[in-house]
Each structure stands twice: as C-alpha cells, then as structure tokens.
Amino acid sequence: MSRFSRELTVAGALGLLLLILAVFAPNFYHLQPFISRLTSQMPALVAAVGIALVIISRQIDISIGAQLSMCAIIASVAAGSGLPLGAVILTSMGAGVLMGALNGVLVAWVGLPSIVVTLATMVAWQETLRLWQQGRMLALPEGIQWFGLSQAAGQTAVISVSLTIVIAAAWAMKNLALGRFIYAVGSDAEAARLAGIDPRRTTFGVFVLMGVLAGLAAVLNLVQSPQVQPNCGDGLELKAIAAAVVGGVAINGGRGTLWGVLLGLLLLANVNPALTHFHLPPYWEKAIQGLVILLAVLADGLGRRKRPR
Amino acid sequence: SKSESKGKLTIALLLKSKGNQYFVTCEKGARIAAAQINAELKVDGPINSDPAKQNEIVENWITDGVDVIVAACENKDSISTALRKARAAGIKVVTYDADAQPDARSFFVNQATAQGIGEQLIDTAATLTGSEGEFAIITGTLTSANLNEWIKHIKARHAAKYPNMKLVDIKPCDDQKDKAQQETTNLLSTYPDLKVIVSVTSPGVPGAAEAVKQAGKTGKVKVVGLGLPSENNAYVKEGVTQGVILWNVENLGYLAIMAGAAVAKGDLVAGATEFDGGKLGTMEVTGDQIILGKPVVFTRENIDQFKF
Amino acid sequence: MVLLLVIVLEVILFNSLGRRFLSGGNISNVFRHSVEIGLLALAMTPVILTGGIDLSVGSMMGLSAVLFGMMVNSFGVDPWLAGLAAIGFGALGGGLNALLITRLNLPPLIVTLGTFSLFRGLAEALTKGAESYSAFPKSFLALGNSDVAGLPAQIWVFLMVAAGIWLLVHRTTFGRSFRAIGYSAEGACYAGIPVARNTSLAYIIAGAVAGLAAVILVARLGEARANAGIGYELLAVTAVVLGGVSIFGGSGTVSGTLLGWVSLAMLNNGLTRISDYRIMDQTVASVARELSGLLTGLLLLAALAIGAWTKNLATRRARGQSHPENPPRSSPP
Amino acid sequence: MRALKGVSFELQPGEVHALLGENGAGKSTLIKVITGAHQADGGSLFVAGGEVVHLTPSKARELGIACIYQQPSLFPDLSVAENIGLRLQKTGAFSRVRWGRQRSRAIDLLQRIGAEISPDAEVRSLSMPEQQLVEIACALGSGARIVIMDEPTASLTQKEQHLLFKIIRDLRQGGVGVIYISHRLEEILALADRVTVLRDGESVGTNPVDELTESQLIKLMVGREVSSIYPPSEGEPGEVVLSLEGLGCSASGVGGVTMDVRAGEIVGVAGLIGAGRSELARILFGITPADTGGIVLNGERISITCPREAIARGIAYVPEDRRRHGVILEMPSAHNMTMASHPRLFPGNWLRFNAESLLAREFIRDLGIKASGPEAPGGSLSGGNQQKVSVARWLATRPKLLILDEPTQGVDVGAKSEIHRIIRRLAREGLAVLMISSDLGEVLGMSDRIAVMRGGRLVEWIGREQADAHSVMAAALGTNGKDAA
C-alpha cells in the first residue's frame, strides 16, 4: 500500500543491509554481540517512540538527550541512597514526567515554539548536570545492573520491555482514541478543536509521555553497565529524531507509524556496526549517517513531487 | 613585576575541559599547591568541545592581568596563538599535561611524554599478548589533537618493534562510555581473533571492559588504557582490565602550579637543571621540560591505593 | 526594549561584581571571541525570517575551515584567495540546502539536520579526523589577532557583514520578501514574489557567511581543524531568537539579532569575570562557566515568554483564529 | 471586530430554516457560535429549552448539534473513514477505535449521499467537492437533533444535490431541525420552511418561505433594489487585450476555453462554484501550468509559468481567497499594496519608503480605505477594507488585464458598490477586466458580456442585453434543454 511506502522502503533498505552483512560479514550474526548490540539500542528505541509521538503531534523535543542524562543521574543517586530497584525506576520516570511537563506547559499553555523551549531546557538540564556532577562517573550499587538478574536474563528483559513499549504504543496509536487524537492534532489542530479534541491537552500529554519514556530509557540504559556517566544522553535527540524521520514520520506532523520508527532506528543503528564490519575507516561514519538521512527524505520529496497536489 | 606590587601571586590554571574527572583531580592538586605557596588561583576551562574556547579563556586572563598561566592544551596550534599573546603581555606561561608550541611557553610540566605514553600503552599490550595478534584502539574524538599524537606514537612503536601485532581498527567513542562499549562489541564480533583493546581515552577503558565482560571474553581479550583508578577498580579486580595506566594526576596539578610559581618568582629560568617541587622534593629539569615521573600502572595489587 | 535593559543590567552587574569588565581590553575581547557566532546569527536571521532554519552552519564552518586549511597548506594557495574560495564553498553548501528545501519542498529542519551531519562528516573524512593545518602567514593571522583603529580586526569585517545583512533585510525588496514568505509562503507566491529564488538566497548567504566565519576563526586560532564551529548553530539560533526574531518567520530585525548576540556574549564573558570571587570560603570559580549555559536557557525562555505574552494577543487578533503554533501548512505550488 | 451584533433566531424541530444574507453578513460566524467554535460575547443560546453557557465544540456535539462548515475542516493526513470516525466519536481518550465498524459506517454514510469515495482514501488526495461530501457524511452520521449546513451545495453537482435534498427532507421528517445556508435562492425557495435574513451581523427578520418571492428575498437581504447599485456601462470597448485559444489544464479539469477580452470591457465569468473559473484565472496567472491551448496578450503569443511573469506581462489577479492569498495579514497595508510591484517601484531592489508611503496614501484616499494609516497591518482592517487593499495591490502594478476573482466576497454593502464603481472607472480608463463572480447580481450588473462556465468548459456567451438571472443560471446549471445534465 502506498501509505506505507516509506516503511517498506526502510524495511527494504534494512533487509538489504542485513543481507549484505550476512554474505560478507557473517560475524555480525554471532549471537552474543548481536544481542548486546540490540540491547544497547533499546534506550534509543524507547526515546524514538516518544519523539515520534511528539513529531506526529507537530512539535519537536530536542531536550530528550539531556532529559535522559538527568533521569539516569537522578536514578543512580536514588539507587546510591539505597532505594530498591522499583523505586529507582519510578524515580527516573518521575523525573522524566516533571521535565516533560515543564516542556508541555511552556509549549501547550504558554504557546512558545517547541523548538525554542526544548532548546532552552536542553541547555538547562545539561548545565545543571555538569554543575552537579562535575563529570564524575557514578558507580551503581549491586543489583541494579541487569535488574539484578543474570546478563542473559537482563538483556532479554531490556529488549522485551522495549519491544513491548513499541508494540503497545503502536497498538495504542492505532487503536485507542488517544492515539488518533495525536494524529488529528498533528494533522490540523484547528480541525481537531472543531471535532472536540483539545489540542493543548493533547500536546501537553505528549510531552509528558515523552518525559516518561525518557525516564524509562534512562533506566534501560542504566542497567547495562555498573557505572553511569552524566553525559550518557548526549546526542540522543539527533539519533531519535533522525530515526523517526527516516522511518517515515512527517516532520510537519500527522503522519507516520511506530513500525517505521522501529525500522528507521534499526537501519540507522546498524549503519555504524556495518561500517566496522566492512572495515570502512571510522571518519566516514558521520558523512554516511548524514547521507542516509538526506537520501531518506529525498526519496520522500521526490515521491511527493510526482503526486498531484 | 606585577606580582610584587600586588604582593600575592595570581596563577591561572587552564583545564582542557571542565566537569571532567581527570581535570577535577588536577585542580585538587593545584589548590593544594596554591594554598601552600599562598597564591591566588583561578581555574577555568571549556565545557564543550568548541576548539576556540580555550583561546577565549586565555585572552580573558590576559586582560585580567594574571601573573602566570598554567595551561593544558587541547589544540596545540590554536592555543599557542593565544599563549604567545600572553607572553607578549608579560605573563609567564607554563604548560602541563599537553604541550603547546615550544615558543609559546617557557616550561612544560610533563607527566610523561607523548612518546612515553604511546610506548607504554603498546608495550603493556605487547607484554600481555606475547607481542603478537590483533589489537584495536578506542579514541575520544577523531579530531582530538593529543589523542592523535599518542596514537601516532603507538603506531610508530608498533611498526618498529612489534611486527607480529596488527592494528585492525581505531574507533572514536565521543568520550562516552556507552559508545565505547558499543564500539568494542562491534570490534569483538568483526575481529574474532582480537587480542587486546587499547583505549587512549579514559571513558573508553571501562566501556571496553564492560563489552569484553559481556561478551564472555574476560581474560581472552585484554583491555589496557589510560584511565582513572576509581573508574576501573572493579574491572581490574575482576581481571577484565589488565592495565590502567596513569600518572598521579593530583601531583601533576600540584607540580604544574609549583612550576608556574617558580617561573613567576624567577626561581626557574631557562637553563636551570632543577627546582623545588614542594612536597614532591627537588625536581629535575631537562631542557624546557619537567618530568613528573613515570606513569603508574594500576594493577589489582596497587589500585586501591589511589583515590581518584 | 527588553534586551537593552538586559544588556545594561549585565554591564552594571558584571562591572560591580567582576574585575575590569568594562576595560577596553575586555570589551574588545568580548567581541573578538564571539564574532563567529555573531556572523552565524546574522546569517541565520534572513533564513529564520523566511520561516526556515539552518542547523548546518556550524558544520559548514568545519568543512570550510578544513578546505581552507588544505588549500593554503597543501596547495600553497594565497590565504586571501583561499578565504574567498572558502566563502564560495560555504555558498555552495548553502545552495545544496536551498535546492533540497525549495525544489523538493522538504522541511528545512530535516534537510539541514542531514547536512549538519554530512558537512561535519566530510570535514572529518577529508582530514581523516586527525589532520589539522596551521602553517599560515602572519599577515593572515593578523585578521584574527590584531587591532585595527582600536577595534579587533575581525570586528570590521563583522560590521561590514552586519551592515550588508541589515541593508538586505531592511532596505531591499529581498528583505521584504523574506518576511512575506515567512508569514505566508503561499500568499507571497500569489503576490508574484519569487519564493523559491529568494528563499534560496537566504540559505546561500547563510552558507557563505558560515564560510567567512570559518576563515575568521582560523585566523584567530591559527589552526584549521574539522571540529571548527561545533555547536555554534544552536548558539546562533539562540541569539537570533533572543533578539526577538520569530522562529515561525516573518517578524524580527537585524538590530534585534545584534542585541541578542551582544547580551549573550556579555553574559558569557561576564560570568567568567566574577569567577575569582569567593562565597563563604568556597571558590565560585568552578561554577561560573556552567552557570552561563543555565542562565542562557533561562534568559531565552523569559525573553520569549514576555514576547509571547505581549505579542500573542496582537497576532491572535490579526489572524482572528487558530493557534500561533499552527501556521498554515500548505506551501506554495 | 464584531461580526455579529444582535441575532435573534429560533429553530423548530422538523424545520428547515434558511439563513440568508450577503457575503460577510455573519452567517458563518453565527453558526460557529452555535457550534462552539467561537465564543459569543453576548446573548444567550437555548437548546431544547435549556440555556447553554461556555459552549465548546465537544459540548455542542453532546447537545446534538452537527455542522458542515463552509471551509471543510478535515484532517488531511487521515483516511476518509477515520475523519468521519473522529467527527462522530463521543468517546474518551482511552476507548478503543473500532476500525471495522468505523469503516462500514463510513461506507454506509457515503452511499446514502451517493458519494463514490473510497473510505480508505486519504483526505488530502480528495478534491474540494469530495471533501464537501465527506463533511456532509460526517454531519449526517452524527444522529444530531440540529444539523447545520453552511453552503453544502457550494461545489456539488446536480446528482449529489438531489440526493442531499432528499436526505434533508428525510431529516425533517425525522424531527431534526436543519439550518441551511446557501446563496442559491432557488434552493431556499424549494427546500426551506422559514427564512431568516441577516444583514451586517443583524437579523432583519424571519418569514415563512411560502410568502416570499425571489425578488422580495433579495430586497430583504440587500435592503434596496439590486439594480440601482451598479454603475452603468458606457463607451465602446477597444482593442483585444487578451485572447485565449482552447486554453486548458487537464489536471484541474479545465479545458478548451476560447475567449477574447477587449480593453475597456468587463467580461463577467459566471458559473457554479467549482465550475473551474478560479482555476482558469490561476492558469492565466501562472499558478497552475496550462497544458493545452495558448494565450495571446496584446497580439503576442505567450506562455506564463509563474505569477511574476504574469505581472511583468501586465496581468493582475485579485485572488478569491483573500485571507490566504490576497493580503498578508501580519504585514502593514502599505507593504501589502506594493508587494506585487517591487520591480516597478523599487528599481535595483532598493526599497524607497517615500514612494511606498505616497502610493499607499494615494490608494487609501482613492479607494476610501478605512485604516489608521499605511502602517496598519492588513489583519487589523475589516474584511471589506482588506479586499480594497488586495485590489490596490494589483492596481499598483498598472495592469493591462485585471482578473478579479470574487472581488466583493466578504465585503459589506457599501464597500461593495464602491469596488464596483472602481472597477467600472478602471474599465473606462482602458483596462480589460475579467471578473469572476458567484454573485449573480454582480455579474449581471457589471458585465458587458457574460461568459458562463460549467464543468471546466466555457459553455455560453450572454450579451448584456439578453442577460438575466434566469438565462445565466440556466446556462450555469445546464438546464435550458441544450445540455441536460
């Protein structure tokens, strides 16, 4: 179906990449590194789900990397003070809710442009962290890594939690009225208002949800090693936004699926390992990532041009 | 000079980056020294990777009229431009940790030469692997000047002394531990015969160690690198990381200030062969360099003694 | 105007708290060190007026710097000639953005996010990440480090660019059309304004000025490296938005951008001025620089909130309906 | 900024109540107040005897009010079925979307109104009339007690119109109250039970339709005899300025348009909405590319690819959508007025503020624009004055051919005749005018000749002497025996 052309294109590109890897670099598929690689992408995936919702509702949030760092550090301080795992997770998500709500209030109720609001909050959180932690790597207490399980079980848990979130969010976006509200608001806020949907509440809710997911992503990142660095979320925003857009989420809102986001993230996340496996020099990495983003939107732009308006 | 008229020496300590544990420790040593000689200490450094920031800070100090600038240089050539200006303005300049161009400072407090660091790293790696097999390097960012300098010396020593070792890849981790972990995972699966991973950046060491541990290759793939003992303690004890190499960072900061003060007071002038390094005793001066001493290799046995 | 007040407050505050804030040397430093960001902010102003954004300018600086260094060091090109070429490369990069944005109707945010990565990546690839270029003649380095008629040499270049952009935005039909496009691209098209051409012009200028900023940065640092200008795009956007230019396009002035830039530059410098003060035996030194980012964020939000507060009413009234964050989505045919 | 001053109005169950009034009389605003889209600032609203305060769109829906807005307000990115679903849902945020049921309901509704639209089609791919049909489907499906239709037949063909009328009669049978807005008097006479006339935001009276004739309706609406407000035509037309030879664009369904327009002549273009008149103007102005036929301007065969080129050739186009295309609401009136004449007024691209302000002041004086000054933003003016600014913009280009698209849309009575006088004066001064209008009286009163379009073709020419409401409407509808639709 033409509606899902982008998802199919990305799936095709991902399939091709995986196929080439299978032929020329079968090592890529060794179970343990494969699982580890997948696990390490899960926090970005969860964040990308959140950012996809934000973009579908016709906003943007570039503070998510800083939010993740902040949540991770707050959570590890909480863990360091002896809180049990469950409470640590809740702390992280709670911090995310507060930061998301701040963005949400400023965007939805005060009416400031989201790109500027989140730019400001991004800087604010980053600087707060630097001031607070001075770049110290924080050691986590026992029982946090892999949720206190074995490595295999922990990895399974991280992957299944993340995939559950993708599936649940995809399901909700498709099948719950709330999901359709987000599409409706992103598609035309005034029409949404006339149809009895409150665009401001929806926008606010999306930012809060983004915060929750950032908090969760922080936990999923936290459990993968025994220490946490205060800059652990740096660059996440670009990665997640690129994944969403490459996966077919329209930057003007109203369009896109979380399946596309999943595929987009896997595609972009595998470019780098693939370069390693193809023995390409690392200094081409950024240029190729940029090209992949441009090619993806280029394909979209050309396709749009052919269609009658 | 100015210092006499004011009575109290003002020393400015330039860090490569603020909010970085390594330099936080340096600063600690520097404060001890400043308190000891009753000098006023200003500390500043960039908080992001903007290569122009260090120059800006130095030029601010020039207008402030400090007596001495003690600088760790991120970009050798750029910072030299600013340091030369400082010298022209009558400010004494001493570098530490990473040097500037020789004409931009009077002395360099060297924790170990770039060559020494590079060679120490590959020598340790070679010892661990019997001088053969594949190795890979984790670096900070591709554009970081002094990391590249160290890598250059690793490569030179490798070519000269270890023909049976093979450098398979160099990966940047953007000074993020998590990224180092991911890159190491990729390296491990791309090069199944990899024998050792060398990290020239401190977040890279625990990152690489965690990846090796998760891959179940503890002991089979060795990890060595420049790093802080506190961040690597657990891995060293578990036997994942074999060699963490670092000088005594606190002493480096301490000595840098002592050298700066000595230059300002005229106790340390060109041609000197030794000077009073305070609690470190009399330090030897070789040409225009003051060597802190050999780097420490932190091992399971001694790592608990170092608290930074 | 709010920003003038902010600047006055900054001067008073920093001059009383810090040392020698108002000394000639320091004021000249404030400007010398922020010229590059000021240039990018100037160049970003027309782009934002058209309702777009250019995130690639910082990366373009990196690429231009590398190309410039390469030309001078590896091919022995005269630095002034190479400087012109670097500006040309910048314009070319801006042209690529413009092409994708106007011909294919792609959103500027995503296009320039892609080129943000692409340009920086090319700069790294060209230098293999590691190489840098530092053999520049003294006469060229003087552009970055000497004073001319009592002001830093590069300030004169900056003033010329500022005058040029000011003329462009406020005194030519191009500036008029940037606003029209920013308010309503479709409406501008119906009025016979060459929307694609003029939008392209804004991006090409942005690229060219980024190239110029790279040359000036190299002249100041004496070194060209792939990491030149990292993160400058956000600082430039911040200055522009702080200066009251609407991120949705249409309204804003070059003088606003300049004020936004000055207040940011002073904040940045002033906070380090007070760094040698002690509060209750605790040195503030390690705190000051971190505070600058935090305060920048707060300043931005406060300025915007005040702006939105006073302006929202007016625009709501003018538009009569719909939310300000929901501009008409259709683009010109 | 008062669109409505005092409107008293009541709707009985089982009644079709027509709202009538000139463009800009406040009908749409009234219904937006009734549906909660706008907040009323005075008066009260009773539904089924109970007073309603703080009406919001969702509250209105709960009260059983459904509406077809004049401008379709659909979600362009979503499918037809989903658009209908979202408009009909009365559910909380966490309830399930039943895609199957939603889709079959959409199919059912679309069938009832005879629309051949796939429920899975994306709304952005639909044409204007198709979107109108989707709006109608939304309103019908809601099971509302009050259904409001704001010009629902604006872009419909006869077939759908008849089905719609049948549905409206069914609704009336079922006790639903229908508010029906249309500029087509014959529809109102055929369909409505009572009619309320709005004039400049006030209701001037409610009458049973049986007691009224068409001319009485017009008189009620306008407040005077229609014919008296049009300035007379005078003098002989001059040279042919524009001639079209089989011009068309297949993508937009306009084809084979052949016509001549002479200097000093006003050619009226009549037709139903959707007949392709605006599209023809857009082709002439270079917004839509032509793919067949040719344009000859002042004896020279030309092709026009963009508005800039059209302007350079001396063509001016006052677009129909004033708020989107005619005026940039945020910009000062003076800037709006000079916007299309940059190359002429500002040689070398340098702005000349004195020249600009002089020109703006001249137009403000000549056209009687009520504005606080040349700096007043376009959006701060009343609709009629905005329209004058839009006209001024194009007169400033000193055109040879002026295309007016609904020139008096949303313009109050006084301003309307003022614009008419200006148009006539310009024609007298030798301008060729192509005037597209849906206002029959305007077409009849102003035109020297009338071209009638239907389905994208020019179907008939009517001279000034033969022109009357009947002949033009008949040609527009295609019901005079020649071409039974």
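Read from first to last, the chains carry the letters A, B, C and D; within each, the first residue is number 1.
Heads up, the rule we're going with is that contacts are C-beta pairs under 8 Å (C-beta built on N, C-alpha and C of every residue); 3 or more make two chains touch, one makes a residue touch a chain.
On a predicted model such as this, the values are computed, not experimentally measured, just so you know.
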item: Relative to chain B, chain with the most remote C-alpha centre; value: D
item: Which two chains share the largest set of C-beta contact pairs; value: A-C
item: Geometric centre distance via CA averages, chain D-chain A, whole Å; value: 45
item: For chain B paired with chain C, centre-to-centre distance based on mean C-alpha positions, whole Å; value: 34
item: Centroid distance [mean C-alpha coordinates] between chain D and chain B, Å; value: 74
item: Inter-chain centre distance, chain A versus chain B - centres from mean C-alpha coordinates, in Å; value: 35
item: Residues of chain B engaged with two or more neighbouring chains; value: 18-19, 47, 142, 172
item: Shared-contact residues (touching 2 or more other chains) in chain A; value: 127, 130, 134, 188, 190, 282-283
item: Interface hub residues of chain C, defined as touching at least two other chains; value: 124, 127-129, 286, 290, 293, 329, 333
item: Every chain pair meeting the contact rule; value: A-B, A-C, A-D, B-C, C-D
item: Chain C - residues contacting chain A, complex; value: 53, 100, 104-107, 109-111, 113-122, 124-125, 127-129, 234, 237-238, 241, 247-248, 286-287, 290-294, 296-298, 300-301, 304-305, 308, 312, 321-326, 329, 333
item: In the complex, chain B residues that touch chain A; value: 17-21, 24, 47, 142, 169-172, 174-178, 181-183, 185-190, 192, 203, 206-207, 210-211, 214-216, 230-231, 234
item: Residues of chain A touching chain D in the complex; value: 3, 174-181, 183-184, 186-188, 190-197, 250, 253-255, 307-308
item: Residues of chain C that touch chain D when the two form their complex; value: 170-177, 179-180, 183-184, 186-194, 250-251, 315, 317-320, 328-329, 333
item: Touch list for chain D against partner chain A, complex; value: 35, 37, 56-58, 61, 69, 73-78, 82, 85-87, 89, 91-97, 99, 122, 125, 251
